[in-house]
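In structure tokens below, several structures.
Both complexes shown next keep chain A, but they swap its partner, so chain B is in the first and chain C is in the second.
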Partner chain A sequence: MVKMSFENHIMKQFDDELEEIRTRLMEMGGKVEQQLQHAIRAISEADSKLAEQVIIEDRRVDAMEVDIDEACILIIARRQPAASDLRLVMMVTKAVNDLERIGDEARKIANHAIILSEENEPSVGYPEVRHIANSVTKILANALDAFARFDADAAIRTIEEDKQVDLDYKTALREVVTYMMEDPRSISRAINILWVVRSLERIGDHAKNLCEQIVFVVKGKDIRRR
Partner chain B sequence: MKLASEQTLELDEGHVTVGQSFSDDPKMTMRNINVFYAEKQAIYDVSIDITKNEVIAMIGPSGCGKSTFLRTLNRMNDTVDGCRVEGDICMDGENLYAPNLDVVELRARVGMVFQKPNPFPKSIRDNVTYGPKIHGLADTRVDLDEILEKSLRKAGLWEEVKDRLDQPGTGLSGGQQQRLCIARAIAVSPEVILMDEPCSALDPIATAKIEELIEELSQNFTIAIVTHSMQQAARVSHRTAYFHLGKLIEVNPTEQVFTMPQHQLTEAYITGRFG
Partner chain C sequence: MVKMSFENHIMKQFDDELEEIRTRLMEMGGKVEQQLQHAIRAISEADSKLAEQVIIEDRRVDAMEVDIDEACILIIARRQPAASDLRLVMMVTKAVNDLERIGDEARKIANHAIILSEENEPSVGYPEVRHIANSVTKILANALDAFARFDADAAIRTIEEDKQVDLDYKTALREVVTYMMEDPRSISRAINILWVVRSLERIGDHAKNLCEQIVFVVKGKDIRRR
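What follows is the complex of A and B.
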């Protein structure tokens, strides 16, 4: 594995600044991961209180994005980073955007959790949600882990895992549509489930973007849309 | 391609330059160049091509040999006592170190601009026309005036000095003096222009003007520039060569060097790390 180091600048301050954006990106990743877990739990346990908390906390995620972006702009203006430093800074500005979008999707899931919890209907579509939620949670965790260790190989493996989520998503769509055809009274509920599954699939895509950015930092290769 | 971080920081004995040192359409070819100042070796086995009409930047820490290397290209090192150059240096296939080569003519074909603007203590007009006169490039006043205007225009200085051509060149600002030196170099219709830190004594605005000029000049001339400013190398050059302790470490397209350098030493230098 290639070892990345963002230390040993002649200007020590520059080391600290790069370390700072790295740490803050990790913090934001941890926060977003927690938001996703809470949103999923809010659905499966019909916990509207927890869902509301996810919605409120999303503002903090948004604020983190703005803060980290500002720190990156300052580094570019002050240090004119080059090579691996430049790649890291560019990666972080893109990664915060993906993390913020993951936060948005978690908030949407929480919204649907509130709607679903207000109905006392049978739990149609929950197995599909649970299955995809498990895969997506794992993918996000792996992506953040790959970033923490700048492990391009792990990032590439995680990109492969996301392909399975895309397949599972299509299967889930078909099944939820089947529920709707079998019992038209379940349509409104099934549509909510559809949105949730859709959000989970999008989160997988953002996690995949994160992995592509990690490969860019480590190897200097842009592997998007290949 | 080996990743920068997979390489060791130590330079081994059989060091090989990484990247794209050679060209299909070379203006100058240098092979196995070694330069010595008396006993001390300053350049170790450097081989590189300079492509026609390219701007190539030489970067590296002080004492890495980049200026010494630049000065081998028009035999400026001949003037240094105890300096010895080994290897082959050719321009358009012609050996520049051949015994019968006219060095004065060579320096007209391979012009040079120095770190500090050094206009002759003469008028602006004489600064530019002196070269063409002694090289016999123009006989009449009309021809000289034409060269004068053309050179000053190419150097982006004409509009600023056209009304005071007979005033001393030393009365111009630093940036204008440097552009006058470029006009003086251009006046003898060189094929290659060597620039040794041409902007290090200039303010950012004068620097920007020179950099814009370099871009324009590359349409007609081949330019090799030594610079301490990495941003300048990134802005003006097509290829960048990184020197370290007299060895040529890496030559690659500039966009690659500043985003994904191939060698760890290049990476350390351009990111401002201890190499």
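What follows is the complex of A and C.
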């Protein structure tokens, strides 16, 4: 089956272009990770300034996707890579798409942070958000790590961890609904929390997609949604 | 700039493989459109049998994505297409991803349909859902039409129409929140409606992505998120 790694290419000095794409992909991953952290902090500290920064910076994330995509098309057109190399480049175009969508969700969280910070009683800490935020931050970090090291086993472990996100998600939903029922005046605020929790859950999904792509390229197996 | 169309290839008998991918893409589009229609019907008619069918059929949609993706990789590896042809194939791999995610959202809607049908007072018609469901169904049909005819102008018009989805989305949200506030006992049910409305809005987003991809290939301009 396909057995490829960025490292092989580097060692053989085979392809500087491929290495450059790798660098840019990891840079984009780092940026997206930071966006998520800032969005979560904006929520928990009711920091609307930080939230606005996340929203502005999302444009950079979008531009990164378009640029890396274009670099991938050029590298395929110029080098006409064999099937295994090709899989690698195709994987990058899928990965940047997931990263961009993670960035989108971080921006949405930031939007809700602004709305929440404008309310009368901010800074309640949002314990419902905290657990899932921690799980999702961790899973994204692990996914990017697995990506950097091209480690399919780590990727598979990370996919397993996503189950924790699903549990945290369900717990958070229950808590928010209980809130609403106990105090209907909190409904409008609680719905903002609901969207935040949902965005976090989706980020976990995208991190899982990243892991599936690593497994696909390293092991040659498409384990998507199976 | 890039000026490519599936039709050119067909007329020149250039590429049967490309035509086959096109056929499979449109087939997947048709399937996803049907999934959406069934999911909406399952909600409005509280038809849990139909909802279950949507959930089962989603596996076929997933398989379609994996298969078309694989066909795209093979066609690039075998034919080593020039940049303009390459863009076309790359676009297909992005399009099937959006179609697959539309299928996912249809499955989620079907899940909520089952939960809602189990409640005591089903079949209330869900007027909040109806408007946005109509808009989204229309925009998806138009996007697939634009795809079939490779019509960038129609694609641009469809992107404009997505604004209607956003308006319907906001109206639906307001209605659901009003519901909740007026009758806190309805909260749990209303949250199910909330997720349905959100899924519909996301389907509109994915339909818009499809349109942006058409413009990208036909006009050579990347108009994503700009």
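In the analysis below, the second predicted complex is superposed on the first by the 206 of 226 C-alpha atoms of A that agree within 3 Å, B and C clash if a C-alpha of one lies under 4 Å from a C-alpha of the other, contacts with A are read in each partner's own complex, and residues count from 1 in each chain.
Everything below uses one rule, namely that contacts are C-beta pairs under 8 Å (C-beta built on N, C-alpha and C of every residue); 3 or more make two chains touch, one makes a residue touch a chain.
It should be emphasised that the depicted structure is a prediction, and the values quoted were computed from it without experimental measurement.
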Next on the checklist: With both complexes overlaid on chain A, does A:26 touch chain B (first), chain C (second), both or neither?
Outcome noted: neither
Exercise. Return first, second, both or neither, reflecting whether A:93 touches chain B, chain C, both chains, or no partner chain.
Key: second
Looking at A:80, would you say it contacts chain B, chain C, both, or neither? Reply first, second, both or neither. both
Chain A contact check, chain B vs chain C, more residues touched by chain C
Q.
Tell me the contact category for A:148 with respect to chain B and chain C: first, second, both or neither.
A. neither
Would you check which partner chain A:194 touches, where first means chain B only, second means chain C only, and both and neither mean what they say?
second
Between chain B and chain C, whom does A:220 touch in the aligned arrangement: first, second, both, or neither?
first
Shared chain A footprint, chain B vs chain C, residue numbers 80-83, 86-87
Note: in the complex, chain B contacts chain A through residues 3-6, 230-231, 234, 258-261, 266-268, 270-274
Per the touch rule above, chain C residues touching chain A in the complex are 62, 65-66, 69-70, 72-74, 76-77, 80-83, 86-87, 90, 93-94, 97, 173, 177, 180-181, 184, 187-188, 191, 194, 198, 222, 224-225
Chain A residues touching chain B in their complex are 2-5, 8-11, 14, 79-87, 219-220
